[in-house]
Amino acid sequence: MTTKLMGQKVQRVEDQRFLRGQGRYVDDVASGQDVLHAAVLRSPHAHARILDIDVSKVLDVEGVHAVWTYDDLTGPMAEPLPLLIPHPALTHGRTQYALAKDEVNYAGEAVVFVVADDRYVAEDALDRIRVDYEVLPPVVGIPAARAADRLVHDDVPGNVGARLEQQVGDARAAIAQAPHRLTLDLTVERSSCQPLEGRGTVARWDPDLNRLQAWTSTQTSTGVRAAIAVKLQLDLGQVDVITPDVGGGFGVKINHPWPEELLVPLAAKTLGRTVKFTEDRREHFISTAHERGQVHHIEVGFDDDGRLLGLDVEFWHDHGAYTPYGLIVPIITSTQLLGPYKPQSYRVVFESLYTNTVMVTPYRGAGRPQGCYAMERTMDAIADYLDRDRTEVRAVNFIQPDEFPFDQGLVFQDGRELEYDSGDYPASLEKLKTLVGWDEFPAYQQELAAQGRRVGIGLACYVEGTGVGPYEGAHVHIETSGKVKVATGLTTQGQGHATVFAQLVADELGVRFEDVEVVTGDTRRMPYAVGTFASRAAVMSGSAIHLAAKRAREKVLKIAADALEVDELDLQISDGVVSVKGAPDSSIDLGTVSVLSNPLRYAFDEASKAATQFSVGDPGKPPVAEDDEPGLEGRDFYSPERATFASGMHAVVVETDPETAEVKILKYAVVHDCGNLINPMIVEGQIHGGVAQGVGGALYERMAYDESGQLLNASFMDFLMPYVTEVPDGIDIDHLETPSPLNPLGIKGAGEAGVIPSAAVFAAAIEDAERVALPGLTITAMPISPSDLFGLRATHRQESS
Amino acid sequence: MKPAPFDYRRPGSLTEAVAALAGEPGAKVLAGGQSLVPLLSMRLAAPSMLVDINGLPGLDTITADDTGVTIGALARHADVLASDEVRRVQPLVPMALAHVAHATIRNRGTTVGSLVHADAAAEMPVVLSLLGGSLDVEGPGGRRTVPAAELYVGPMECSVHHDEIAVSAHFPALAPGAGVAFDEVARRHGDYALVGAAALVDGKSVQVGYLSVADVPTVVDLSGVPDDRLGDVALEHLDPGDDIHATSDYRAQLVRVLTARVVRSAREGGAR
Amino acid sequence: MSEEQHDVVLTVNGTAHPVSVPARRLLSDALRHDLGLTGTHVGCEHGVCGACTVLLDGRPVRSCLLLAVSAQDGEIITVEGLANADGSLGPVQQAFLECHGLQCGFCTPGFLTTITAGLRDNPTPTHEEARDMIAGNLCRCTGYQNIVRAVERAAELARDGAPHAQVPHPPEPEAGQLEFEDRDDDNASTGLGA
């Protein structure tokens, strides 16, 4: 009797190669082979016209094989890169060219592409290129973008790429008539994903097969494949994209195609050589993507209990110089801002603005952190105004367990209704209060205050729409060896997909976990796929794999029943062997079933010979039935009606230093609901990682642009990602599981949860600590450093006196 | 980020090393490389030649006696930090070294290299200044000793000539009855300090050295200053700057806080 | 005008590898591209992230901050040298597996080498010491909680006698002399004396 692996802390199969240093990341591909290396000359200016590019001196450098500017690009390559997700409200979307044409709009934009014997030589070549720029005054920051004294793109009035309004009910009227009203103005600054491995692409053109093979560190193999085919004018069928091991993505690798993802294949085809591009850390800072920068203006009307009668949110989203990913981030902010609450009326309007900075595409959370911050600061402000407990004010606004499915009346990022499928927010809150010791905290705070110490507590609640469509697919193949080969098209960046998906297959098929091998992100194995983002992989591919395994199981049972001359219902599968219930000697192993499924004329191995002891089928009918195919495979797709909504709540206790304003984390508690868990160890790992990124984003990380559009901290020295010393020593986690009714396994996504409430929860806790000594001190801008807090104290003291 | 090309010499003797430097105006010394190599990779520095002194024998000695601690050019921070002798003779050295970057960097970086690199944001230059130490350098004209007071002449600039190699640093011993302390505030563990302070208290004499609040390592004489005025008086001699990590007001606050802490701590140490 | 190549021998995981590299070739690149040992990863090339950490004469160092030519006299150990002779996982690796101490695996080799040396020097770390041991390495995926657990678990496994690669102690620095030699006597061929 095999134990079910669903819900088990199974050790990861990926670790066997990673721990031995045998991972194969993109820069490892073609190691030891004859490879040329690319480098890119990038604009040093945030906004400039290109007057002239002189590459004549490059040709003197030994080992240079190609130097390209925009003028060398033709056909589709000379057109702008695709605008991946159009939207009617995105009236002025703009994307860059693969190499800048006539102008550059951010410092870091690609201008010249060089291919050389190695990266050192390629960088030497870059040093010899002379570009004449006419520097133009840049637009930096939301205030400058809104003021629009200068434009990023001449044909985009007011620097406004899009304006989008959604509403339910009449929020403005409700606020005007409400017993109480508040206004909040909040800011969140930019951060970025910063996976430890940057981008990279390797490509090889095979003239004998007439095929292009590309490896790229991406979150969407099918997306890159389609882009390469279109831009290089190849048939889709001529292009293979293989996702190697990826050293983290966190969202930045969903954007595609990067210029290099096209230029490298083009170079491979043109030069007839394998070409590789691996970006360095500085390039990752200045030529990939950032996210999080928004300014919010909130007006809220509420009653004596803090119930939201009307919520009106206006915000301005800085999307940088280009909009390849459309309006996904601000749409998610708009919709997910509501969290677990049901305001009686809601209006949200945003403007998505251009600035001469690196473009903005999703970063773990993808707009939810900003929305959560806006909502939770509002809740805290209401509680403060009414002098009520912050959890009570929230509880009064919760969607109740018996109200699911709950339609918020808005359109979500997948173009579908924002309808929450399941959840239990009151239960989560109770668990969180117990976990962090919410009720006991005021006494603790008083006790420490008497000693001159400032401690504070904050909480934040969020809801996360996960598992968005349109679909994912899976292919399960039981080979004659008995091994099960599984493929799904989305990709992996550390989430342990090969392990969790193998758990699902082992359960469904009744095979040993060790006999299942999963491949992700390889268009040769599964060419129909969307990608890994929006915490969708477990839901989408997990469901598809489960369904595909079911189909394979059905075929197994059909053939086995025929071979063993019993009814299918009398059969069970365990450890890869099909046997009759109650008569274990009457059995057939999966490998043999696989042989039987493919009636070849020839027996190649022992397995095929052994299979001849069974006879299946009816000699009066064709060996392969009309509605059937040879082989033991299952293939299926999962396409949900709508997203499934995970949720969670975090609480943090901090201490602030009265002299230095340094912030110390004393306790961090998480209550998390992502439905049924496939592998709790992996889910917990995702939470740990998300919390760490959240700590970084709340207390340490921001993109420091100066007025000329230069990123001042384009390195790990000055962009402060947390080490172990900056994250809490231990995170208390409790789980709730409200299964999703929308997919066969009842699962919800878990990947982004840890980072969503961070800005909100730290702002709340620090504020709570400071108010011990400085009543009324309010935090509206995040992230907050000790220097920022010190300045806030000084301002507060001045204003109070 | 890959370095631009450079010639490379790995001399077997100090004389050879000096000659290589003297013969090539664009040459630089490579010892620990923890500060130099990133500059090369980012192409912020492009020397025509590196003179790698890691092969020179006998430069990794660490000695301690009544006069103080002498650290050879190739002694790694980690070895100096681990030396019980150094700790006994001049405890301020390990106190400050513990704040230099991370252990892995300290395994390769050299204390003498850090002193020559002359970064006002680094720990060891101001410790040398505070203690009145010196550098011994070898050049074409022979050996000379450069006292700390003459060493730091400008931002990231020390008075060691281009054709000289620092062969050892000397930190004077802690006098009986004197006390020392070191503290800094950084954003993350191991980062450069936003502000750092080192104190030497000997009887009535109170000297405090600062990092990250002036262009050059700066020592302020706070003898006779009342405790509640220490930081303010120090600030009269310092120039805390604004950058993306901290405002000058905040740095000034840290000067006040850290000055009080290190003076108090040094006094307690000396009282033992 | 092609660059001068330097013939050096890099001793890695016990094997001597003669290579011919330009002076500016970083050790991280030499390991990965000239020797094909791609287990050592490059995350930043400015010495901050620690993904490139290898052991040089038993001590963790940033291979991105070392020139290959400068490492010629040392014994280098990379992640590829940490497994047991029979290919099974050493205690640090095994602990990471058990504790889910890695996700994408990119930073992991740097942690493994650092911790291997750390536990050799301090086989019974306290919780604080375990945290301190990994305080110079960045991880973006795990949030460090399980890596700290892995350090503590590795210490347990090593104590219980789990087989592991012999990682040498760093050589003792030259014993300090009690007096200074006479500087006027400087021997031109040997610098500061024997």
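Chains: A, B and C, in written order; residue numbering restarts at 1 for each.
Definition applied: a residue touches a chain if its C-beta (ideal position, glycine included) is under 8 Å from a C-beta of that chain, and two chains touch if they have at least 3 such contacts.
Computed from a predicted model, the values in this text were never measured in an experiment.
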Longest centre-to-centre distance from chain C, chain (CA-based): A
By count of C-beta pairs in contact, the leading pair of chains: A-C
Interchain centroid distance [CA atoms averaged], chain A/chain B, Å: 44
Separation of chain B from chain C, taking each centre as the mean of its C-alpha atoms, in whole Å: 26
Whole-Å separation of chain centres (CA-atom averages), chain A against chain C: 33
Touching two or more other chains - residues of chain B: 1-5, 42, 189-190
In chain A, residues with contacts to at least two other chains: 120, 280-281, 717, 723, 725
Shared-contact residues (touching 2 or more other chains) in chain C: 22, 24, 45-46, 135-137
Interfacial residue positions of chain C with respect to chain A in the complex: 1-2, 22, 24-25, 32-33, 36-46, 48-49, 51, 78-80, 82-83, 89, 93, 96-98, 100, 102-109, 112, 127, 131, 134-148
Chain A residues touching chain B - in the complex, by the definition given at the top: 119-120, 123-124, 127, 280-282, 659-662, 700, 704, 712-713, 717-718, 720, 722-723, 725-726, 785-787, 790-791, 794
Touch list for chain B against partner chain A, complex: 1-5, 42-43, 185, 187-192, 194, 244-247, 249-250, 253-254, 257
Chain B partner contacts - residues on chain C that touch it in the complex: 3-4, 6, 22-24, 26, 29, 45-47, 50, 53, 56, 59-62, 64-67, 69-70, 73, 114, 135-137, 173-174, 176-180, 183, 186, 188-194
Complex interface listing, chain B residues touching chain C: 1-8, 10, 13-15, 30, 33-34, 37-38, 40-42, 50, 52, 54-65, 70, 72, 75-76, 78-79, 83, 85, 101-105, 107-108, 136, 138, 142-143, 167, 189-190
